[in-house]
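Heads up, the thing below is written out as structure tokens.
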Amino acid sequence: MSLVTLVEYRDASPEVQAVYDDIMATRRVDWINNFWKALANDPTTLTRVWESVKQVMAPGALDPLVKEMIYVAVSATNGCEYCTWSHTAAARKKGMTDPMFMELMAVVGLANETNRLANGLRFPVDPQFKP
Amino acid sequence: MSLVTLVEYRDASPEVQAVYDDIMATRRVDWINNFWKALANDPTTLTRVWESVKQVMAPGALDPLVKEMIYVAVSATNGCEYCTWSHTAAARKKGMTDPMFMELMAVVGLANETNRLANGLRFPVDPQFKP
Amino acid sequence: MSLVTLVEYRDASPEVQAVYDDIMATRRVDWINNFWKALANDPTTLTRVWESVKQVMAPGALDPLVKEMIYVAVSATNGCEYCTWSHTAAARKKGMTDPMFMELMAVVGLANETNRLANGLRFPVDPQFKP
Amino acid sequence: MSLVTLVEYRDASPEVQAVYDDIMATRRVDWINNFWKALANDPTTLTRVWESVKQVMAPGALDPLVKEMIYVAVSATNGCEYCTWSHTAAARKKGMTDPMFMELMAVVGLANETNRLANGLRFPVDPQFKP
Amino acid sequence: MSLVTLVEYRDASPEVQAVYDDIMATRRVDWINNFWKALANDPTTLTRVWESVKQVMAPGALDPLVKEMIYVAVSATNGCEYCTWSHTAAARKKGMTDPMFMELMAVVGLANETNRLANGLRFPVDPQFKP
Amino acid sequence: MSLVTLVEYRDASPEVQAVYDDIMATRRVDWINNFWKALANDPTTLTRVWESVKQVMAPGALDPLVKEMIYVAVSATNGCEYCTWSHTAAARKKGMTDPMFMELMAVVGLANETNRLANGLRFPVDPQFKP
């Protein structure tokens, strides 16, 4: 059940199949998850988002596991069910242990709490934080 | 301008001063930021939140800089102005460089985008993600 | 399964039935969706919300399909499952095609991304935008 | 500075002035706050929203102070600066003391924390909660 | 199905069992809900969050039912399914009737509406609200 | 005041200047707004986000003004101050009148209200919406 058709590999255009092939090769997996099958209804969006994910999540100034955990933090904050499941799986594959996951969630929970204390009490930003 | 009085050290009860002292000693700073001065209107909450921050943000399965960047990710996602300024300052103090910060923001932005693609297209979680 | 009883037409008071009749007549449908059956537990709220929906979603300076797509954009941003399904169905009924829906989602995704880049990097609003 | 003109009483149409008069009479105040002056650009919306506020915030099954505190809780959760200031002022006028406000914020903070622990760890709702 | 193992009483360490015992004694129930079974993967977090809930939700300047309804308001605003079910059940146990619940939801809905009118029209906070 | 340096045209690398030139040419303006000056700290992100904006906001199945109003709707829902100012200015440039803006905000407000009524009352999606 989905708001758009999920485009299976066998039914996809060559353009979409090429993106699917790149996803599977880059991630060393042999299947495509529903996120991409849904985006494939618009090959331009599929290509753009995949290129963005490939660029942003590649090793850089931050390591890939840290990036994946940041992704989980944002997804849990936004309450995105699909993203929480899929990026937690990705983070585990990159080495996140259960203690790391629980600690990540503790930080996410605390940040959401103190964000609202600040937004509710409405004190000004200290000048020391604005160098 | 703030929705509650900001409790300065010199006006604080001994109970609050003790928390302030612990904050300054733990963080090796000689001033108290507005977040704590606002919470000090309720010493029980001040103590509880400070003990939580001290426990959650201490080194553990994740390193303190990673935790601080997760804090920034959540704060930017929620649009908390105070928290974004204060935790970015904290992350920089712990070693976050400009390239790391820009990359952090790129992940946060992308996660917020794909969270909404998933929430808008409403495809099911792949069984492979639910082991 | 619901947090309140869903009030069926046959069990409804004449006051609630009158609202149900108006909903079905206005929308040219022969059934009532669960949103209204839940609100019917409080006839005053049912009436107020229905009158608001009828007024706000009527043709005006914006056309009804544009309004319905804006509704979907907000619902996807907030992660409201029920509203995403129901307003996407409504938008399709008013003429939204699959390419329009995919493009709508692309805008929603991008806006959510750049909203967080702005909220995370905290630069000031350009004076040119404040005429 | 505002995205729309703020409609002052002296410049308002009789229709808008009548709503302004009702706001001042109902709230026993002699000025109109910016929220209504902005909505007045669309008299239909001004009237609809004011009638909704008057109906929803009136005494009923919940007392008006409790309703006002719930309003503050939602506004702090959403990070709405204007609403947090205005509804905290309203709640104080109805009897909210500083200890009540601090306790309200403590609940809001905690709820935001545990909401994310639940959204991040993704355990099912216990059947006992679905009677 | 859950992102972490749910720790049952019989499989828990004495430290976790002690927290479970305190939860059941404090709430006068004979079972543990999934929220705590998930947190139990990290006994330190379990203890900290339980102590926070016990402290924050205890009678104080606000009565426990009001606090529970504030919790529901925040959970509905954030779209947290688990929390909405569990805290609505808790609020009902403390005396929330159906009319109170419907009225609570009416306030939550309205606050979410006016929060966005304020955030979208961007008028300044009236000086009268900043005493 | 900003969390990163704003990169002015005269101080920018040729790579960044080329993007700035493309932004000004595409939009027929002679200045660069702060959003891009902040992103320019990471030329890869600057390029990626600009290419995404250019692609997504171009005429397609939806007209550019509708897309710009959807952008405003998302920005108001998320409470992004910068984005609300900048995209409202952009929408006005593309033809949005005051009555259209007020009507847009009315839809955004109402959708945020009914999203929370659905998320708070937790009734199931009607099968009729899942064809």
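Order as written gives the chain letters A, B, C, D, E and F; numbering starts at 1 within each chain.
FYI, a residue touches a chain if its C-beta (ideal position, glycine included) is under 8 Å from a C-beta of that chain, and two chains touch if they have at least 3 such contacts.
Values in this document were obtained by computation on a predicted structure and should not be read as measured data.
Q: Most remote chain relative to chain B, going by C-alpha centroids?
A: Most distant chain from chain B: C.
Q: Which listed pair, B-F, E-F or C-F, shares over half of the residue-numbered contact pairs seen at D-E?
A: From the options B-F, E-F or C-F, the copy of D-E is C-F.
Q: What is the distance, in whole Å, between the centres of chain C and chain D, each centre taken as the mean of its C-alpha atoms?
A: Result: the chain centres lie 21 Å from each other.
Q: Taking each chain's centre as the mean of its CA atoms, how far is chain D from chain F in angstrom?
A: 27
Q: Quick check: what residues of chain B touch more than one other chain, meaning two or more?
A: Touching at least two other chains: 1, 3-4, 49, 52, 56, 75, 77-81, 84-85, 88, 99, 102-106, 108-110, 112-115, 117, 119-122, 130.
Q: Taking the complex as given, what residues does chain A use to touch chain B?
A: 1-4, 6, 31, 33-35, 37-39, 49, 52-53, 56-57, 60-62, 66-67, 69-71, 73-75, 77-78, 80-83, 85-89, 97, 99-100, 102-104, 106-108, 110-126, 128-131
Q: Can you list the residues on chain F that touch chain A in the complex?
A: 1, 44, 48, 51-52, 55-56, 130
Q: Contact residues on chain C for chain A in the complex?
A: Residues in contact with chain A: 79, 84-85, 88, 98-99, 101-103, 105-106, 109.
Q: Give the list of chain F residues in touch with chain E in this complex.
A: My answer: residues 72, 75-77, 79, 81, 84-85, 104-105, 108-110, 112-117, 119-122.
Q: Can you check the complex and tell me which residues of chain F touch chain B?
A: Within the complex, chain F contacts chain B at residues 3-4, 41-42, 45, 49, 78-80.
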